[in-house]
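Order of writing sets the labels: A, B, C and D. Residues in every chain begin at 1.
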Amino acid sequence: MDLEFEKEIVEVERRIAELNRLNADPKANFDAEIAELTKKLEALRRSVYAGLSPWQTVQIARHKDRPLLQDYIAGMFREFIELHGDRCYADDRGIIGGFARLDKRRVMLIGHQKGRTVEENIKANFGMANPDGYRKALRLMKLAEKYGLPVVTLIDTPGAYPGMEAEARGQAEAIARNLTEMSALEVPVVAVITGEGGSGGAIGIGVGDAVLMLSNAIYSVISPEGCASILWRDGSQAPRAAEALKLTAPSLLELGIIDEIVPEPPGGAHRDHKAVMAALRDALLRHLRALASLSPRKLVERRYEKYTRMGRRDARAERRARRHEKR
Amino acid sequence: MDLEFEKEIVEVERRIAELNRLNADPKANFDAEIAELTKKLEALRRSVYAGLSPWQTVQIARHKDRPLLQDYIAGMFREFIELHGDRCYADDRGIIGGFARLDKRRVMLIGHQKGRTVEENIKANFGMANPDGYRKALRLMKLAEKYGLPVVTLIDTPGAYPGMEAEARGQAEAIARNLTEMSALEVPVVAVITGEGGSGGAIGIGVGDAVLMLSNAIYSVISPEGCASILWRDGSQAPRAAEALKLTAPSLLELGIIDEIVPEPPGGAHRDHKAVMAALRDALLRHLRALASLSPRKLVERRYEKYTRMGRRDARAERRARRHEKR
Amino acid sequence: MGWFNLKSQSERRQVEREDLWTVCPGCKAHVFREEWSKGLNVCPKCGFHDRITFQQRIDLLIDGGTFDELNAHIGTSDPLRFSDAKGPYAEKSAAAQKETGMREAVVTGRGRIHGTPVVVAIMDFRFLGGSLGSGTGEKILLSAEYALKHRLPCVIVSASGGARMHEGILSLMQMAKTCAGLSRLHRAGVPYISILTHPTTGGVSASYAMVGDVNIAEPGVMIGFAGRRVIEQTIKQKLPDDFQTAEYLLAHGFIDCIAKRAEMKDLLHRILAYWNRK
Amino acid sequence: MGWFNLKSQSERRQVEREDLWTVCPGCKAHVFREEWSKGLNVCPKCGFHDRITFQQRIDLLIDGGTFDELNAHIGTSDPLRFSDAKGPYAEKSAAAQKETGMREAVVTGRGRIHGTPVVVAIMDFRFLGGSLGSGTGEKILLSAEYALKHRLPCVIVSASGGARMHEGILSLMQMAKTCAGLSRLHRAGVPYISILTHPTTGGVSASYAMVGDVNIAEPGVMIGFAGRRVIEQTIKQKLPDDFQTAEYLLAHGFIDCIAKRAEMKDLLHRILAYWNRK
């Protein structure tokens, strides 16, 4: 299922692949055509991706070929020792975590797990964690605190699971508890929104000293569809809602919600896992290095200042947003 | 269902009641007979209860008319504000707790709940708590720590519930966690074994700066029946096991496990709730007063010393036990 | 008497009735408006605890004449310049302000509960469904900071449909912001009591409403994270009737006690007496 | 050849067989004793991780020549002068000591894991079913205290049927005693890794075995609080086959990872590398 606005890109990609196939014949020589098309493709990717609407970004952020937690674990980290369970009820598969090595830095890695196949997705509950997942995350953060390890969270969820059992076991309590505890965690926390940053389910592991965001990720208080069906009484108005919600990385940077945008390659993260992982690795290491020099006390103070400033009346964030509007 | 060794007592009680009934007739006068029988009754109670075997004590400790948690709450405490739930899964009814006032002292009261009727007992799961009960207890202890309130626990359980769901939700983890956290709780903890102190289910809320025990209560690593069926391969050997396990208050005082025996009236707590509550109230207030003067640091240090001394080779407790043997 | 006359007569009666009577949202019973108000908006038939205004709540919980409002100047902000099918958010919030006399969905201040000084934050559902906007979060945070500075117990009465979408991500951030404030309060050993009233859902339930030292709910009120309809669509089955009621949450371990409106003040006072301020 | 001759021949063959073969307690397969030992008592057919001795465990986990035993002098005590149908506990424990060469159900010491110094406590089920006696508890506690004093990670390998009834209430107290030691370790930020082997039940599962920073189990092993039979009698229904297995506990959130015997040392080493000792 290709995206509408990617059609032209996909067509050129298809032609290049075709020519490459023909080129395998020693008698053929399509080198010139391939070179030209490749140039064209790059220009096309740049121009399409430079002009994405918020709603198109939503679709990229949810793209099935986008790197998932398991891809980052395999491609970006040098080791992963998964630690299971919340020591209370279950080992949720919507959020997983464990010890991991990023280059030479050791971290506690926690992230939402989505699947690529239907089976994987059912197991991971489509990245929608249960309260047990948030409680496991908190347990691992507390372990990281004991071991003096920085925490890295990778966020990619449509939201916390809205199920009956999830309510019965306290989805609200689990998220509220995490927000409360993360605000005072005495080790560095770097959160990365890699795909969908879906509301409470995202911020439930998303309170960070540094919050990074891939350039085509989204982060929102509600899905555009949900917002549209409530405020426009018409789910098909999702593109307008996406626009209004300011859920793209540049808007969120302006609003002071995120600290840095990690650029995806032209054509999006789903076209080049390696490139986006290289960029993310560099950004993560840079932030981890900087945060490592701060004392636990200082870290907690800074994090408190950071979050309590958000949405403060007459605060910088609001002024910034207005400046952005005027442009 | 009267106890065999109480038969004579019950018979005299019955006769006194009968005479009192007849005495209601203004023409009758059995005052002298009643006085004599009352004297006899008291002597009888004293002699029977002075010579109870451990197995007889087990039966008294389990007596259905013995005061239960709800009786202490109604009869000994001046206020009780029940606080429900473990903030995770359930509000267990096998352990309940809340703010309570003992005379003018404010405490966090936590205890096992048994029922007197079948319905009550089903609701309270016969005093056998689930993991949620132990987790609720811990939550309330942590709240007590925050509020600077001493904790009073009343222990009366056959044991932690051995059910499938209880295992699935981590009965072992819940008890282990409580032992770990209680050892470092920064407020005074006074534990009272009021009836059955059943193994892990008892110590799961029983780590105290002072551990008191009613004179006919029991406290054991395993029920005499269970011990007999394992070590004698014959459940009917429970009386011998009860003897061997040293589960009565005087033995436990000698072994250094408990700090004080709270005397029940002759005839047992089930014959006079008021008397045993008066004695327990006095003992509790005395210990709470003494512990209130200790700093949190000192409290935790003392508690650590107390528990790490238990069963220490060449420790005082063992020497005491030997001295007791020789008598 | 013509048909139109009949109609207008019946219409008039209905208007009179609406003036005199209130229909209970719980059991649909008709109750004299006077009785309804005297009963603190609690239905005398079914016990439903209907919404009340912040002023009624203050009168109910705080000793007369002791309430001093704090941060009254803080109102709504419109960081996204948000506009939906019904027009700009700015107009919507201005209308809400005019209608309620409030500048945000919460009123905060200090006062006394049977003589005990406290900091209190009271949400009012009339103001944009008690939604959690930046101003709401700011006032909650400042309440927690004031409580910390003066070592006073903090009491928050929640009534909210959840996050305020019109403020987008900044609304979401109020969850982290308010919890950060309460976390400091907790670490300093200062009490925080959460009172959950009808309804307390979404982002408010998933932040400050759920992390009280003691969580107290009014009977029968709705408390939950996700909406009932969303859940039914997700799991494709009907939910039990008592789902997401205060009683359901108590049984599942998240609510400490349920107290009737008329008993709430006494209960608060009794609970706060257990704090040994050092 | 008479009947008696046949019989004695078959008997002889069986003895030879018992010498050469081991029967797997998991799948009842016959495995060459040599293969069985070489495979670290793990069944090559079904993967069952059978019990091993403390010495085998030391060889498995600790770098050769680095193990220094601590508190070897601590043995059993008999505070109750306990005696049951089979005679005095004192005789029973003396026999166990003679049979195993151990003085208690746990051996403790310091050693290195791929060079990383650790304190280790290793239970051996052969000694009175790995039961938790006062001496066991004492050695566990002293291990934790040694680890705290020298800021060394503490590793405890559990294998136990539970409390040691013959020491009565003092056995129960070992649960509180060992957890008190581990609580101090935890507060000081020193790692504690718990390894759960077959079986880890009763009082040991409800104390130190369950409160590791990381709880690692060998595959398929039995872990639980109450005994299977007791539970079946209580709930009056059959339990699922995988009940109380390591895999069951992992799915229910109580075990961090499951590691095969041969991989345990490497895993421990890798985990301990994540501790930033300050």
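Assume contacts are C-beta pairs under 8 Å (C-beta built on N, C-alpha and C of every residue); 3 or more make two chains touch, one makes a residue touch a chain.
Small disclaimer: the values here were computed from a predicted structure and weren't measured.
Q: What's the overlap between the neighbours of subunit B and those of subunit D?
A: A
Q: Whole-Å distance, subunit A centre to subunit D centre, using C-alpha means?
A: For subunit A versus subunit D, the centre distance works out to 43 Å.
Q: Cα centroid separation between subunit A and subunit B, in whole Å?
A: Computed from C-alpha means, the inter-chain centre distance equals 55 Å.
Q: What's the distance between the Cα centroids of subunit A and subunit C, rounded to whole Å?
A: Distance between chain centres: 33 Å.
Q: For subunit D, jot down the residues that touch at least 2 other chains.
A: Within subunit D, residues 186, 252-254 contact more than one other chain.
Q: Can you tell me which residues of subunit B touch two or more of the remaining chains?
A: 87-89, 169-170, 173, 177
Q: Which word fits how the chains touch one another: line, ring, star, complete or other?
A: Contact pattern: none of line, ring, star or complete.
Q: Quick one: which chain pairs are touching?
A: Pairs of chains that touch one another: A-B, A-C, A-D, B-C, B-D.
Q: So in the complex, the part of subunit B that touches subunit C is made up of which residues?
A: So the residues of subunit B in touch with subunit C come to 79, 81-91, 99, 106, 132, 136, 143, 146-149.
Q: Could you please specify the touching residues of subunit A with respect to subunit B in the complex?
A: Residue positions touching the partner: 87-89, 135, 169-170, 173, 177.
Q: Which residues of subunit B touch subunit D in their complex?
A: Residue list for subunit B touching subunit D: 160-164, 166-173, 175-177, 179-184, 199-200, 203-204, 206-207, 219-222, 227, 230-234, 237, 241, 244-247, 252, 255, 257, 303-304, 307-308, 310-313, 317-318, 321, 325.
Q: Residue numbers of subunit D touching subunit B in their complex, please.
A: Contact set of subunit D toward subunit B: 74-75, 77, 79-86, 133-135, 137-138, 141, 163, 165-177, 179-184, 186-187, 202-203, 205-211, 223-227, 230-231, 234-235, 237, 239, 243-244, 248, 252-254.
Q: Taking the touch rule as given, give the residues of subunit D at its contact with subunit A in the complex, in rising order.
A: Touch list, subunit D to subunit A: 186, 189, 191, 213-214, 250-257, 267, 270-271, 273-276, 278.
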